[in-house]
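Read through the structure below, which is laid out as structure tokens, and then see the notes.
Labels run A, B, C and D following the written order; every chain starts at residue 1.
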């Protein structure tokens, strides 16, 4: 924390701020400048809220310096975290140059639908299957998902084709079931700061895929992951899915720069979901290519064999044959960056 | 829904879109213009996702027309909803010209703290007391609230001073307890789209105060309220607490225009929380005055008798004596608008 | 500037950064903390871009500390700037507790229109008249303003009713004319960072009203004003007119918190334009009241006697009789805050 | 335009709105739905502002349907515009599968600097050289560019290495000179809605590179280009350079989805500037790869041989050897998409 004093702050005011800092058990380091004095603070381990210094006489503002996250930080672990998700067809590896393809419908609708899509995306090389059994929907009158019977359908997809299953939990009850039936527990964007759910996910024995909230800063995103790690679950993948901005031509603004930004600060792998990020089919393909090129550790792509009959988000799903072509292009782009898609 | 065709769309393409609409059991109304044809759609009760029409040949875009909310809308109920919150000192009325003052600390810390603040804000005329027993915090290492023992302290505040108690629930477990101990169940901004929690709140027998999410559009905000009403609980107050924008001088950007906007579309009362909305003490006072002037049905204001010792958000709390003066000014401003503060 | 080092930065890396700073003629102040070292820098008068330090080995980030503005800052001048705009009916005073009402149509259309509106708003006590002769329009096919003949109409309004005239300049050529015909030169939001125009305004002998850009941070806003002051023109009023956010129910999001924020940092007066800020007639009235309550030094309000025939922005104009009522309410609200409307 | 009526609007109200529309010389098409009536309007060629209908009794809102742009639209010209920029080493082609590399320093500093950088980026295959002689800077105290002598240095770069020169004009005076000395006239983000400058650029005989404003919607961006085309200059390239959002880890949020979005609506080529878009060196490389992968028609990349001595924006410049490697990767990625870099 750095306290910036007004240019006409008196020496007494500077001294009073320093005394206040010391009275909190911290150390004050006044730095007199040509225009004004700033006061560095050391010794705070994050437990003291220093914002109140801002109201002392002569203070302009308080600037936080140390980042609040610990376990997710490269300060705590320099090398990339590499996750291994066990499946019937062997481990799927995510991170450290290994790029994962997660494909499937937005929502689990019927066994036939899931098996039909699964068969096709498997041919294109996807080894993780996505599909929502619990759907967070803006409207209470929209389809809310099949619940546990949806999870059973996903189990069948796993048994039939050897996929690892990625599916969303929306509360503690559904998380219990997702942990039982699936291979990766997804926490959606709307629940990124549902701290009660994050803590529960931190006690789960399955990897967690955490989506960035619609208006989450990078620090908030990493702190949400910190909640999970702090409860003991270190198997966390992050996922960018678009943020909310003034821009109105796409549902969200896919913030691909977050990929190198996360990699600079954290050892956790980060995936990209261009389907939710763009909300429109004709943007999913170009942005999927871009996501691989920017260095994402995986992609979540909505694929539906009959998108115009989909019960939710059909307009952002691509066809299995489009996915096949895309997977091929992504493999080539990854190769240029010395990365491999598995 | 309106489907806009390309200017060089063929007649066959227009016909194909119409047939597709009719095949869904809806009615198509083509409107040929000088430049292009648009196709109106009627008969959709919200259950069909028409976004997929956007991928038909010749279509430029699909524009939604009907608003998705029903019960919260002035279409469903023209006159203002007026809530009555029973307290030991009589009903507190919110809405329809009655402005509520909700005051208290950010977090419940100790019985002494709460009673000291309660005594002072009561003198200034506040009749609803706020204070968090469950605190959603960005960091897992920050103070998370006292839980049930915090609720017991709030009960004591009610018994001692006759306040109605407003406090936040963060998951189903805490909601059970909040419903038991408090008079108004608060759903925080981070949980505005925690639909599982909204449904539970919709089954509660106490009024709900729903805060706007950090990046919630007006439609999403009203749809979140719709979740609560659709489960049978019609006693809902909305609350603006600032949205997230590029603007970096305050923690959030308080969007006061949402007050007249809500009042145009919905019969529900809307309050304003200028403490979270601004995040800085020196902005709380002017924005509280502005919130009354813009027509808010109530204010939530953080008051702390020792803000620099507060365990959370001390820098946005005002002193009891500042609150006293503010309450007085707000009363005068309300009177100019023919409204009364209770 | 503060340079934050990685927690595992070596002593040599810290030393290298310090040497680099010293080689630029500045002074380095290393502050060793429990987790990491930060390095304060003093002696920089703003002319050296220190961002490059961020790419030195071991550096996490560079945090700017000193604010870049000088002349607009309260550091340079503690007391409020009070502007006096000479008119035929005596000086109009802006700032220091004096609140100015600026009323008139969005665009100057005809002499009859302007005189009709002027007559009515004068009765309500407005002493500054607004109206655009040069209109920055999103579309090249929209009405672009009457140009110099519009300025002549405004001159007539001044001569007839004694108003001070506020009107926009959009380039150097129009600024020459506006300076000649009007009393206050307005720089619009879209030109807030048209630095060529700002410099020209800085050499003008008339006061300048500078609107905040659609996505300008507070620092950028104040720096734009700094451009004008640095050329010698100290008679600058700022004006908040709404910023661009994700929020879609109003044209812009009026950021009223900028008023106390400006007042904390700068001595310049700040006005509010709720007409552009909201874009809808039914929001102009409540937000005008809120702007006075938040402490604005003036309001710009679009008034049109026949808004549905207006050539631009009719939907955000209010009627003269609405303005009369509003002016009365604003006067009462100002009085509560010990301020006067003139 | 579509007018949406309230669900309880009376037949008379609907009739009144229709009459009002017809009185404006337009045609009204009422569409009675199960819940409410909507009224389509045809015959408007863009010159009538229909927003005022929103204030008629019974109206909920007015939804614009036709896009306001004409000449830039694919409605006006279906096939891609392909620009040819003549240089001493032959035409550089932009658009229609041809991807342009524009490289060079942020600001022209000295002849030595420019020639040194030019020599190196030429080896990597760049054929367009960028460098600012007029610099729009947030602070009046920052380096503002060398002006005409900077343009002369750029001329020398052209003569020596055969580059086409891309450089920014900031007002009418500098545009005259840029048109004389350079091959492509750049209009910067801050001037995207400086309509006076856009009109002047529309009368220039050189191609224009128009950068997206910091908070420009897609419609505003295309309308700004429309200003240039409407004055007769059809040689326009668009350029995404990042938009302003709440996200604080990069200077701007690069909105790569705008590339497919522009391509759907407009025939104009669109480039990407990842240097300004990210503001940090370690993000420039990954986002440059992503920009090619998303289908951009060109890239503007800041290259400096001594970035830590740069007079402006050194922290976002990459080294010539980094550029060489990047150019190579971009060529490979372009090939996968069947595009060529020239």
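Operating definition for what follows: a residue touches a chain if its C-beta (ideal position, glycine included) is under 8 Å from a C-beta of that chain, and two chains touch if they have at least 3 such contacts.
Since the model is a prediction, treat every value here as computed from it, not as a measurement.
The set of chains touching chain C and also touching chain D is given as A, B.
Farthest chain from chain B, judged by C-alpha centroids: D. Here the spacing of chain A and chain B, counted between their Cα centres, is 26 Å.
For this pair, chain B with chain D, the centres built from the Cα atoms lie 38 Å apart.
Between the CA-based centres of chain B and chain C the separation comes to 30 Å, rounded to the whole angstrom.
Annotation for chain A: residues 215, 244-246, 248, 282 touch two or more other chains. Interface residues of chain B, counted against chain C in their complex, comprise 215, 217-218, 243, 245-250, 253-261, 264, 277-278, 282-283, 286-287, 289-295, 329, 332-333, 336-337. Those residues of chain C that touch chain D in the complex are listed here as 46-47, 49, 51-52, 54-55, 68-70, 136-142, 144, 170-174, 190-191, 193-197, 199, 214-215, 219-220, 223, 226-227, 230-231, 244, 280-281, 307-308, 310-315. Within the complex, the chain C residues that touch chain A are 2, 4, 6-8, 29, 31-36, 38, 40, 42-43, 45, 60, 63, 65-67, 74-75, 78, 215, 244-246, 248.
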